[in-house]
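Below, each structure is written out as structure tokens.
Here come two complexes built around chain A, the first alongside chain B, the second alongside chain C.
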Partner chain A sequence: MIELVAQTFVNGINIGALYGLVAVGLSLTFGVMKILNIAHGEFLMVGGYFGFWLFTLLGLDPLYGLPLVAVAVFLLGAGFYKLVFSGLARLHEETKVKNSLLVGFGLFLIFPQISRMLWTSDEQAITPAYSGGSFPILGVRCGYVPLCALVMAVVIILGLHLLLTKTYFGKSIRGTTENWKSAKLMGINVERTYLITFALGTALAGIAGVLVAMTQTISPDIGMSWTLKALIVVVLAGIGSVGGAFFAGIILGVVEAVSAIFIGPYTVALGLVIFLLILMFRPQGLFGKA
Partner chain B sequence: MTTAKRLLINAGIIVLLILMPLIIKRSDIITWFYLTLLYIISSHSWNIIGGFAGQQNLGHAAFFGAGALAARYIWLHFGLPLPLALLGGAVVATAFAMIIGFPAFRLKGIYFVIGTLVLAEILRLVFDTILPRADVMPMSLLATYSLVSRYYVTLLFAVLTVGVVYWISRSRLGLGLMSLREDEEAAEASGVNTRKYKLVAFAVSTFIAGLAGGLYAYYGVAIKPGGVFEPVWTFDAVIIVFVGGVGTIVGPIIGSVFFVLLQQFLSVYLPGGIHVAVFGVLFIIVVLFLPGGLIELVTRLRGNFARGGQTN
Partner chain C sequence: MLEVKSINVYHGDLQALWDVSLFVNERELVSLIGANGAGKTTIVETISGLLTPRAGSVTLDGVRLDQMPTHKVVKMGICLAPEEKGIFTGMTVLENLELGAFVPESRRIRNGTFQFVYDLFPVLEERKKQTAGTLSGGEQQMLAIGRALMSKPKLLLLDEPSLGLAPIIVKSIFGVIKQINETGVGVLLVEQNVAAALGLANRAYIVENGRIAGSGDAKGLLDDEKIRDAYLGTG
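== the complex of A and B ==
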């Protein structure tokens, strides 16, 4: 019994770390530029397929492929920012959020169709030789790949945290978040900060995509469900908090894993119900200030 | 255009639509007309809350689906007459909207948008799990299935819907909705009870959405209970309203015609599903560069012609 509980927690933490990673990207773009990109999950899907390509076509180990995928999705994100989102940056805040939702929704219609053409609608997964392996700790089975994904996620979040708090660029991001007009007057290139932040957010989604493809499966239609997962986590954490988003992701993962024992297939809906309740009664999030 | 002339044109269109099935016997073309009318109802329903009131409801599928399922069960499984089933579906959708509506309007702006989006997803997941099998009409009904009667019922409700939206746009309610769309705080300050107005708009909008769902339940031979909550029902309506012209009467009608025509045209020449991507591109272009939709395009072009005529 203890083992079942422990196993459930380990599984929950593993998947929760992925939720956190996806959510951090979304939280970053929304926090900094007030653009809510509901196509965030689509970039995850694309990242997963890029990793899948590198693995099947070039035989590249997905973990070595990860930086390549990150760069590729970064560039893709930057391209889409330039193409469709940059026009919104100057709008009044509320209009900007609403229009960014609509634009993201347009992308959500486009991405799955194109990826269906490139990769068919079949479910795919990246399965290197070590993918099934696991080792026991105190009767709990720890898979190599989920553990690796967990470590990756933690490292990336820490890196992001350092980038935001310790570097000059991080300072310009935080400055722009607080007040882009003043930031601009202080000589910060706001447009470039937006571009890089957005691309960084999508790159995080892309990295998560590779990890998803390694631990679960990917298909052209997974985008929206991951966007929703990220939204739940972001709202749980309170918008704009990077560390909070990561922990909220882990909480969601564990809650889902535990509730799966009791309510089985309704688990997915449970996360969304929690989300609605939080929106209604604590819109500033669990970790946010009132 | 004078009122009399406009009335005459509208009456002419309606008469043509009534006569259409007598002249055209091809069932595929009647299906296109049916779909166009269904989209007019569904998109106009979205237009009330999303266009006039400016509250983008991305959970339209939740109310469409609630109406569809309720009407289907009342009609097929409880064996009650169709008008009762359609009414029942619409009432269920509205009741549902009111239950979540009171708390949902605590959500402002963006929270309302993502809240409604999530609501439809919850329903889809739940119904996909509870009722995974498609609901098929019994043989006795299939034997007497008539597309034309579906067409006429839908035509009736499409005309009524457009009438209701026209009336709203002229009424105090419509003015109130538009004022809160432009600036909620200013509207409140000038004495508009924004909460009440939003709630009324939401009620009317979801009632019509439920009705559209019911009409779809009456039309569909096999319906997957989770399928009526698919986000596509939201997205089609939103695209149509935006492409046609947000917050106008003619916009969603033009949008629906355009949508069905383009959909049929593209699905003939392009591999399956690509037309969705084309609509995605079109939608983004409209949101970014043509916020008034096709209506605005037409007015602009007409304006150019008129000016061109004067200078010559």
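== the complex of A and C ==
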């Protein structure tokens, strides 16, 4: 029993790191622009398929393909920002959130259809030769691929943290998050900051997509469920903390995995219960400021 | 240096400014005075590019600014320390000042500017690691002014720096504004505290209901009966 729980715990951390990665992207976009991109998970799905393409068509190892996918989804995100989201940036705050929901729903309807045409409805996965391999630690089996995904996620989150706290560009993102008007008065090109932040958020989703395709499977319809996971994590963590969102992702992953032993398929509802409880009793999130 | 020529400015469909003209010469300290809601903030927001006039022009040394986005106006050498301070409360004092020098030209010379700002406001150097939201109101105002100076502006726009502060702190901040002006920075100061503003400025404009209702030498205005009646309550 102890070994089962320990194994589940490890599995939970692995999946939780992906939750965290997806949530950080969503949190970044929401924090800076106050728009809720519910098509966030669609960019994850597309990123997963890009990685799948590179692997099956070009035989490129998914880990080498990762930077390419990141760049591709970054550009895709930038394009969609220009096309459908940039008009929202000028709107009043409340209208902005509502309209961004509509735009996101639109993309949520379009993206799966297009990917069905490109990649069919079948479940796909990226399966390099080493994908089944694992090694034991203290009776717990650690898969190479999940471990690799975990390390990748941690490295990316650390990199993002350094970007936001140490570079001028990162500080301009944080400044814009807090007060866009003052940011403008500092000489920051706020429109450009919006564009890059949005694209960065989608690129993070795209990277997560490749890791998802490596550790589980992808299909054209997985987008919304990942958006929901990301939303739960963002609410759990509170807006504005990269480390917090990542940590909250791991918490959700572990809670889901461990609870699955006891309550089986109801574990998906557990995430939503956490969502409600947090909104009722600690609306600023675990790591947010009141 | 700065010339505002007959601007009409709207908030949505509501006209806020009618035919406003003013100028600020190099190294001058000019004040905009008037009641709450008269349009003083609208004027400085238009100069800094946050608002775009529907008619008229804003120029700095002959270069049109009125169609430029704010971040380009900052590059031209105009920086506004906004009403209510607008500091980044979740970031440290140091990070606030760093963002003040965001424009590449100012970023290159920021080490010298830091020293300049710390000399004016020693308390900012003492508190540089502190989160800006934990500063007192007066210190936050000093940070807002210091942050605006980090861009090395030719013209500094100050919107109600005395708002909500104790008289003794207002006095020291006004002292620093004078000091800043003496280093060669032009200042356009928006104030409701008319007596203090007129005591400090070279010239002043009176703003009433979105129009310039009068202007002149600050000393002259201070002695003007009408002004005394309307704004100083010492008739």
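Note that the second predicted complex is superposed on the first by the 290 of 290 C-alpha atoms of A that agree within 3 Å, B and C clash if a C-alpha of one lies under 4 Å from a C-alpha of the other, contacts with A are read in each partner's own complex, and residues count from 1 in each chain.
One rule holds for everything that comes next: a residue touches a chain if its C-beta (ideal position, glycine included) is under 8 Å from a C-beta of that chain, and two chains touch if they have at least 3 such contacts.
Just so we're clear, the structure is a prediction, and the values are computed from it rather than from any experiment.
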Check the residue A:269 against both partner chains and state whether it touches chain B (first), chain C (second), both, or neither. first
More chain A residues in contact [chain B versus chain C]: B
Determine, under the contact definition given at the top, whether A:145 touches first (chain B), second (chain C), both, or neither. neither
Which holds for A:126: it touches chain B only (first), chain C only (second), both, or neither? neither
What is the contact status of A:203 with respect to chain B (first) and chain C (second): first, second, both, or neither? neither
Regarding the shared-chain residue A:36, is it in contact with chain B (first), chain C (second), both, or neither? first
Touch check for A:110: first (chain B), second (chain C), both, or neither? first
Who does A:87 touch here: chain B (first), chain C (second), both, or neither? first
Identify the residues of chain A that lie in both the chain B contact region and the chain C contact region. none
List of chain B residues in touch with chain A within their complex: 56, 58, 103-104, 106-107, 109-111, 113-115, 117-119, 121-122, 125-126, 129, 231, 235, 238, 242, 271, 273-274, 276-277, 279-281, 283-284, 287-288
Taking the complex as given, what residues does chain A use to touch chain B? 36, 38, 84, 87-88, 94, 97-99, 101-103, 105-110, 113-114, 116-117, 224, 228, 231-232, 235, 265-266, 268-269, 272-273, 275-276, 279-280, 283
Complex interface listing, chain C residues touching chain A: 48-50, 69-71, 74-75, 79-80, 82, 86-91, 95, 98-100, 102-103, 106-107, 147-148, 151
Which residues of chain A touch chain C in their complex? 168, 171-172, 174-175, 178-179, 181-191, 240, 289
